[in-house]
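Naming follows writing order (A, B, C and D), and every chain is counted from residue 1.
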């Protein structure tokens, strides 16, 4: 009985959080003289009304899920890897770099693509390793080290696009010269979606799920995240584990960046990371660091991003609304979590 | 460049850094009380919009600044409530707010895009403005810049020279000891979080009504400044003077980047613009590395004199955060 | 374990809430049923829906707003026409989307023509045009449909439209030269590429001409400095701050700033300096209404007027006479500010003196009379001769200008 | 001031921490409060000092009922409390510690504070440097600081919670002298302790608490046996000494030198044999922890060698030493021993040997269940460690030790445990010794050290005594050495050199 009512209370608070987030967003909409129901309806239509649109949601979902998957590892190790944006960017840079090398050579396309994805993963991991070294050997908080590295990564992208990798004749925000079709991850005809990238995402999250749930590595990482000193005394090489978590997250971030290059933009563009790193942090927080739940939640977030495009088209509204909804959802879930534990504590007394 | 134009350029740095000064001092005060407000980036964008919108609607810059402080205070109140009362992670809540406030600003700020609004004009302080060098540098600025300079010293005096300021240090350092000495720790944390948040909230209107006058939505050139301000707070070692130095150094590097552009034709401008970040990381590295275990171990293996010398250097660089930063206080 | 049950229920609830929201106005049938899928022949409607993809906010008082208002112009002039637009079409503001994908969205809303308004959308415009051969695609800026261009892509349904802003910039340069008291003009540049180089160079040519011919001064005494911020607008920590750049110009003896970027910092800062009693001026860019933020220091604005070109193309499309071509439209020299005929224009600002105004008019009429400032001798910044004495630049030579010109200060080429 | 507590009740969840306690403390006297850990002493004192509020009951000062809602209320009423771990601000200056919480104006005049404190110092013959940073003071000095501060704020009732832990014998004498002086001036002193000798030496009256209840009040001359019976409900006897020492050396420390920011130790030599127990005595911060951590590889020596099983492991890290059979059991269980949020199952999985890639949950469950039984832990394999009581946490920590350890390093193995738990734990440890393990442990309880060690190292301000056989010494000598007296009689290593 106790358990059941516990769940009931939990459910009550969680649905309360969602309702509050909806209420908040609705108020924001009303404040700007917009019809709330219409707005929500259009977001839904924009993401789920046709297979084509849903495939666009999936295109956005893949890198978001990969970023989230990586972040679950660093979160487990108690690290706030805010530098993931830069890690995605470096992944894209390395991926682009390798693809450029294969241009005009005799490398078969499948090999070029695989190699470039691998290179991207390495690039992401290297950038994460930098944040990791700063954290574990330099004592620099990963939030600040990561933020700084994000800026450096952005600058690096711009420099490459306007400098060494500029398109013949011009240098512009549109990025580097697009790669020929052979170097794209094969797409489903008529859609921008690639079965391969879906496969990569699903395998990726499955690996993370297994890693965190079933292995000694995952358990040790959890111990490091919860209490580094105790973990060390229990015999876990904490430095190595923290570095590993950075590296794994970097691999996944780099993978997300590679997907952005080989499956979405087919070139390096200035904001290649598309904010997926920050959004992934929100998803990871919302799912309370449980790998499997990040699948539907990241899908929902991707749908909000894609569906909100309808807002300017149909209702002349700014699509920043999607961000408002995403942010308020996480905020209210956090607040309600706190409210719930306060509430149950009071009940106990 | 002539001497006078360098001087004027430097004066411009003091203006350009003013909003960052407000934000870092605000954050320093909040963190001194043991609370991290990670929402700075979103708060600055939101308050820049709100401040501008208010000023445009009412025609009063003063109201614009007050509106910014109000919104900044409200945002930090959410952080205070969820972290102090509800015991949720400050970092998580702050980060969410950083994103939420930014999008909220873009969504709600649409009607005010590109409007021509009031702007704070410079106010030359009579007599003082004619002091050679200093006059140009310090006394031909606008009111908010003067306030930003005053705030640096006021914050420093408050934290290090007044009784409540010492208590503030205590609250962030060892809340239990502060409690025994009569402090209502959680109330004080609320107060300082909101005061700090209001100061951060002032940074927004200082941009939109003075330094980067106007509101242009996503192209206002504000996204990112809050993260920079946060990094400067850490760089400043929770000391207003050092934090202000960081803010000025940052603005100086930005300025140097564009002044040097013609003389360094082979260095892309992005590289110069990004220079402050590696520098900041380096600075963070220097202040923190003395606290790491491997340095202690390595030092132990070195000959006596070398060891003492390095240890001394590292100690002089070290800046330790308030011991209870981010740790909730529970009175049993 | 307990947690996951909660989350399962929670997500169910989420879905329920959204389905509810979706179903509430059940009277409206889902949108896609009424719309033809992309690629198919649109139904014969008397009106015409055109899609517009704007790189920036539609109300940015700059480049994007100029396009947006051109769309409104078409709506007004072409009976039954309707614009469907998406603004902020850039990966930073719309993560995870490509302009091609957004173009599909506007087509889904019924648009039968799509306008891509930025150079940055080049690849997407090509991709979209290729994938949707029955939809006419207009790409504002770019050279893909220029048969004699360096980057010709032979696509039957894609055209590029660009205004000959070189003239606008020359007028801006001239107004600046006629006004400057210090003889130093600052040019606030975005990033360095062919387009931005030729525009900055045109401004310089205009300035030098008026300086030399109307003021009888030595071109060597004219200072013209370009400072690039590194992007079309300010991104903290990545680009230089245009506010700082403008301030720096005004502080170091430059009294006129010509803007080449999307935002109006040059003007805004001039207003501030003027309020302190300094004699400074600024010239914004892109949008006819740009002076409104600070008319008292505005010498005028060279602007794009996209409306007539759009209108003409739409009409041709409706009549079925439209085919691929390349447009680089100059001003209507009989009236450069005629909203129905002139592709670019220059409106004078309140701050332009009567004398300068008269001289500027004279300059404009000289241009109208055939004066071509892109005539040799012109040397590149490093001294290499570009145009021999009397040699007139071809369109290609202007379009693909490799460096700034001799006499201009500032970076020419992004480093390799 | 006369303090009366009437019918005090305090609950923590289901625990009845104070049950109907009524106690009257006359003005100008030193009242002892005696009891085992967990008897409810601290709770009662926290109620009196405003740290927490009683659920029921009244507090009377000089016969007038008062409501004390916070520590600052308490000090307003003249009640000040000295906490076991002085609640001060280590990174700040002594003078600032006085100013914080005072009623001085916004901009305090430091000269005034100086004058007043200096005067007060003279009265008690204290000598604190007001410009020094608190972190550079000894625990005794920090107590002095707190006493001065409370008196300066006008306290007329002083509560001292276990003040003799971690201070030297002379410091203790000095403290007692001060307390008697204060009582003589009419102040009321409440002295909380679980040490019989302290109470016996100092207090005018003693109230004994057991399991939340006041079980008796005694006056001098005290009958120690009856006090012990009151405290524990029965007489407790320690187990007999066991000698498990062999001749095979495990650890050899040669001419070791260690350094921390505040301390330096030189020329430590020690050889530990299988089955041997070495006790490290000294007041907190005298270098014993540094030494223990160096033996564990947690701190790198600046000179000398550490050999384990005849292997030179100088400068190697803890994890390397662990492989050689060294284990380290820290004092703060939840901070550096166990992982909050993880279950016992997960702990045993982490500590277990033969780990593959995937966790075999079944096998782990079995191991955990066995260990839970073996170590008498009150909890299930799925219990999180923070849900266990302190004693059970300590047992769990011991249960996590692998079987074939040759060297066990421990900080305060029985701190915070009741006598019976301590005895049980030591019997387990002694079993390990008979199977060949050696133990080095730190304790502030001299009786524990004397009773269980074979040899003892005494630390005083970085000085280290040669190993003293436990039979050859006694509490008094150890107490003196800890306080820095009698070292000349030992023949110190640096004198030998």
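We take it that a contact is a pair of C-beta atoms (placed from the backbone, for glycine too) under 8 Å apart; a residue touches a chain by one contact, two chains touch by 3 or more.
Just so you know, these numbers come straight off a predicted model, no measurement behind them.
Here the chain-to-chain distance from subunit B to subunit D, counted in touching steps, is 1.
Two chain pairs, A-B and A-D, are compared here, and A-B has more C-beta pairs in contact (counted per touch definition above). Ranking every chain by how far its Cα centroid lies from the centroid of subunit A, the top place goes to D.
Once the centre of each chain is set as its mean CA position, subunit C and subunit D turn out to be 75 Å apart.
Separation between the centroids of subunit A and subunit B, computed from CA atoms only, is 28 Å.
For the pair subunit A and subunit D, the distance between mean C-alpha positions equals 48 Å.
Chain geometry summary: the mean Cα position of subunit A and that of subunit C are 33 Å apart. Touching of two or more other chains is recorded for residues 88, 92, 230, 232, 235, 237-238, 414-415 of subunit C. Multi-chain contact residues of subunit D (touching two or more other chains): none found. Subunit A has residues 151, 154-155, 158, 162-163, 318 in contact with two or more other chains.
Interfaces, counted as pairs of touching chains, are A-B, A-C, A-D, B-C, B-D. Within the complex, the subunit D residues that touch subunit A are 13, 318-319, 322, 328, 330, 334-342, 346-347, 349-351, 355-359, 400. Touching subunit B in their complex are the following residues of subunit C: 56-57, 59-62, 65, 88, 92-93, 225, 227-230, 232-245, 247-248, 251-253, 262-265, 268, 271-272, 275-276, 292-294, 409-412, 414-415.
Interface residues of subunit B, counted against subunit D in their complex, comprise 161-164, 166-167, 169-170, 173-174, 176-184, 296-297, 300-301, 304, 307, 311, 320, 323, 331-332. The touching residues of subunit C, when paired with subunit A in their complex, are 2-7, 9-11, 13-14, 17-19, 21-22, 24-25, 30-32, 58, 84-88, 90-92, 94-98, 100-102, 104-106, 109, 118-123, 150-151, 191-195, 230-232, 235, 237-238, 400, 414-416. Taken in their complex, subunit B has these residues touching subunit A: 38, 78, 81-82, 85-89, 91-93, 95-97, 99-104, 106-108, 110-111, 224, 227, 230-231, 234, 268, 270-271, 273-274, 277-278, 280-281, 284-285, 288-292, 294.
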